[in-house]
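So, here come the structures, one by one.
The following pair of complexes shares a single chain, chain A, combined with chain B in the former and chain C in the latter.
Presenting the complex of A and B:
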């Protein structure tokens, strides 16, 4: 479904699109070439990475306004620590996709495995399929929009940023949450320690509307369909009476 | 009435005054005791080992005249830019947050003047330490506070922290009193709240994905930086072997005397193994894999003197790291502040409530008035002096054992004063050829 046929790729190797065959040239050559843009920018800003074969650490540490499409499924940490670049995974993504992202946009056309967007500090992660457990764990400013469902323990210890889920959320959503905002349209199996439902006020509808638009989900869902979750802030300072929550 | 002799009042060994005081404290407050530092128990340690020195069977080197080198390379396995240090004594990771900015600056200054490295901590890299450290190791911790690719690139090495000796299996803790605006901003958390850093990394769980994580860090930094893996002294044989398998350039093993900024006293005193017991197991793992000296071993936890350095190296370490000792060199627990320690209900040498942020020496605090007392230039000079002295002491011992490099020290140069130390260190009890346990198990 999502994997473009090889014949089309050859056609895609048109003017302005740099096609990189990962199997032929290797991971090191890929990341080095992408990193070289930091100091020596060229006009080759549109990239397609083909023959990925589930490799780990594809397009990590990019720090340039590149437009990168990864054809096929990726292993761990694709787009890790991304800055500036727009990275599209035209397939499903392995664990830790876009971990610690700083800025830019990462779009997963398929599903994402565990820890998607872990510790992300900025930018936007869009997952058009489902995300597995611990999506947005320890997030620190990133915005994550998941068109499908998310797994258990998502947004664990999430510090800031927003997690938007058009589908359902698994168990222990937002456990030990700090100041991150969570919006879920579907069912939440259970809330984690110190995570509570909060009122949707006008500013939240506005905020969510913008997130849905940026997250390529406008038309798929309306802000009024969502509930908002956040921290009860009861675990912010240690209190022995809360010991059973720890 | 006849006066019979009475049984004199007898204190219980089990229910000692200290044990009872802790029971009363727990009963009154309802919370466990939190403190900084490492284990305060009397543990088998380097003090229980002695060097034999040269005699007829081997000859010594002339002090001050015949060369005894002290340099060390770290990260030679995979890194394009391994680290070369003049001395085998590094500064362990201590966070900005736990320590004041000026204290971090002093660590950078002292380490750089002495030709060695310093290390960031939980909370990210500060300009103070990057600017003043020629060689800076950037810690990659479960919390990922302050983690970013720019600092990864301007680091000289990356240390993936799995655990620390004071609390193997525990996360970080920085209580609200120390969360100033700057600390809160670096960590992206509200001011004044208690910060409990996670004990596990958020995006890998075991040796197989640690290997992938290390690959990612290498790719991000174009394979330039040495990658260390730091573990607390729990199962050093297996942890070292797994770190090597995962691709580490350097393994750091931290024994239970190694300090922490703050954690539960019960954790510090009851979890983990003494440094002395950790070294032979870690060395054995490297030797069994044929990686001793290929993957370097850094040992920390209770290193105080050049003798401790020499003993750790003789047991097979490539370098040591100091944390608590460096703080003492800067002025922590100095009797000059005795009057103020008394006001805090403690005394010089015993002060360990670092988490409260009231350190009279201005080191473990974020209070501008307190850290304003601390002079980072003077502190750096004191640390440099201390590092130089330790190096000279280690050289003195190495020359006495006939070694032209401190790394040539070996277990054969040592004997043990106690059966426990002999068993743990794997060297004979003094005056015997007995190494307890040597014939009985794999270690």
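Presenting the complex of A and C:
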């Protein structure tokens, strides 16, 4: 009985907050309501999604300056393709979180599963726990700040944007990297093909300081504690000496 | 795809609900694989007794008088419980091996699902909810169990191609992924005396573990071996009479989430599978690391 009473309380709209019960109303209704906002904006810009139960595709394809808090753990692709919105996951996030994000901010309070922020073109993804393998794979302009560790093959074929890791990185970091910037504070298990350590110059300290601030990590780490990694540019640029290999 | 679930209970108070919890977990994973479904349940062993779970395409004819015929051949006390296409034969523990051979002679059409002190395996083509209902999984009690819902890749959609695969006493394995060197490993294991029922890759993984364990390896040791000797994609969940293990290949692209409380250890292909478990809100939830063996034994 206690459980039911709590659920009813959380499901009721509070002042200024549109509360959406996902179990009661379903995923399609949620995402449709969020998409409708683009053409028919209302004053209900602050949303809270409850009873998520690890569901897939929560708040995917949002294209409006909404403030959305997802209570509980999410399944695949939460906040995928986000544009403009600030989406906070108050729990852990499943595979493909914020995949192909265009702009806006996604904050994961817990851990994130595989390929968080994959192919992201813009915006900011903050993961306060650890991120699993392939974080930022093929990123194309997104900024990702991970407060914990990241798994293997992270930033694989990353093209642009920044990946900041306050903890350690797994095997093959930045394999086949293009032009993304990677900053790691802890240990890197191994670097992938064509990824090398690079000098931290004044502009990088400045860049990193801003990223840490935006990534809600400025109280946790200082730019001087990080190493920078980037592309050696030998793999993706044409080299006449390698002509016979192409 | 494929969906895997597993539950290893630490708190005996939950044992009467094992089947119910496990069936719910598996049904939640239905959209990861609709081809076939199976569940292994480990009940509390009864002293001096052991069980054979068999399956038949003609249960009416095959199971009629089977306990009587078996008793005539092997002696001792023989019990039978028929559940749809499956039957669980209970025999004296020291008669288990001979019972297994005799059953095949008595009813050549029977397929052996599992043999051991605690294990019962039920699997069929169809959706998890239908399979769970046909075998009344929700009414089963037990100490631990694993389940699988299949999206077939490496072999045909048949009862025998469904998971879990059992290749040794009280042992079983479920798999999400596909192995690329299973034919070579199968040949090696055949030379070592292992027998196979199917052309399925997962059966090879199960037999690999059974072979290692028969050679004296512990569960953890046997599972470590899969990282060296099996090539391909895998997340395995393994059950033994008193143990429960999880291992993922080094690439680890097949999803896995685990949860642990004072009452249980749970595994799901997705977190969704575990949302109905008691105390999940405060459980320690994590993603098993690649190329890392996790196991629990009581």
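We adopt the following convention: the second predicted complex is superposed on the first by the 224 of 246 C-alpha atoms of A that agree within 3 Å, B and C clash if a C-alpha of one lies under 4 Å from a C-alpha of the other, contacts with A are read in each partner's own complex, and residues count from 1 in each chain.
Just so it is clear, a contact is a pair of C-beta atoms (placed from the backbone, for glycine too) under 8 Å apart; a residue touches a chain by one contact, two chains touch by 3 or more.
Everything numeric here is computed off the predicted structure, so don't read it as measured data.
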item: A:61 touches, of chain B and chain C: first, second, both or neither?; value: first
item: Partner chain(s) touched by A:69 [first = chain B, second = chain C, both, neither]; value: neither
item: Chain B versus chain C as contact partner of A:149, first or second or both or neither; value: neither
item: Larger contact residue set on chain A - chain B or chain C; value: B
item: First (chain B), second (chain C), both or neither touched by A:105; value: neither
item: Which of chain B and chain C A:140 touches, first, second, both or neither; value: first
item: Which superposed partner A:96 touches (first chain B, second chain C, both, neither); value: first
item: Touching partner for A:178 - first (chain B), second (chain C), both, neither; value: first
item: Chain B and chain C contact sites that coincide on chain A, given as residue numbers; value: 75-76, 95, 114
item: Residue ranges of chain A touching chain B (in the complex, touch as defined); value: 27-28, 31-32, 35, 56-57, 60-61, 63, 75-77, 80-81, 83, 95-96, 99-100, 102, 114-115, 118-119, 121, 134, 137-138, 140-141, 156-157, 159-160, 178-179, 236-238, 240
item: Parts of chain C lying in touch with chain A, wherever the complex brings them together; value: 252-253, 255, 257, 270-275, 285-287, 290
item: Residue numbers on chain A that touch chain C, as the complex places them; value: 53-55, 73, 75-76, 92, 94-95, 111, 113-114, 132-133, 151-152
item: Of chain B, residues touching chain A in the complex; value: 30-31, 143-144, 147-150, 152, 175-176, 187-190, 193-194, 198, 202-204, 209, 212-213, 215-216, 219-223
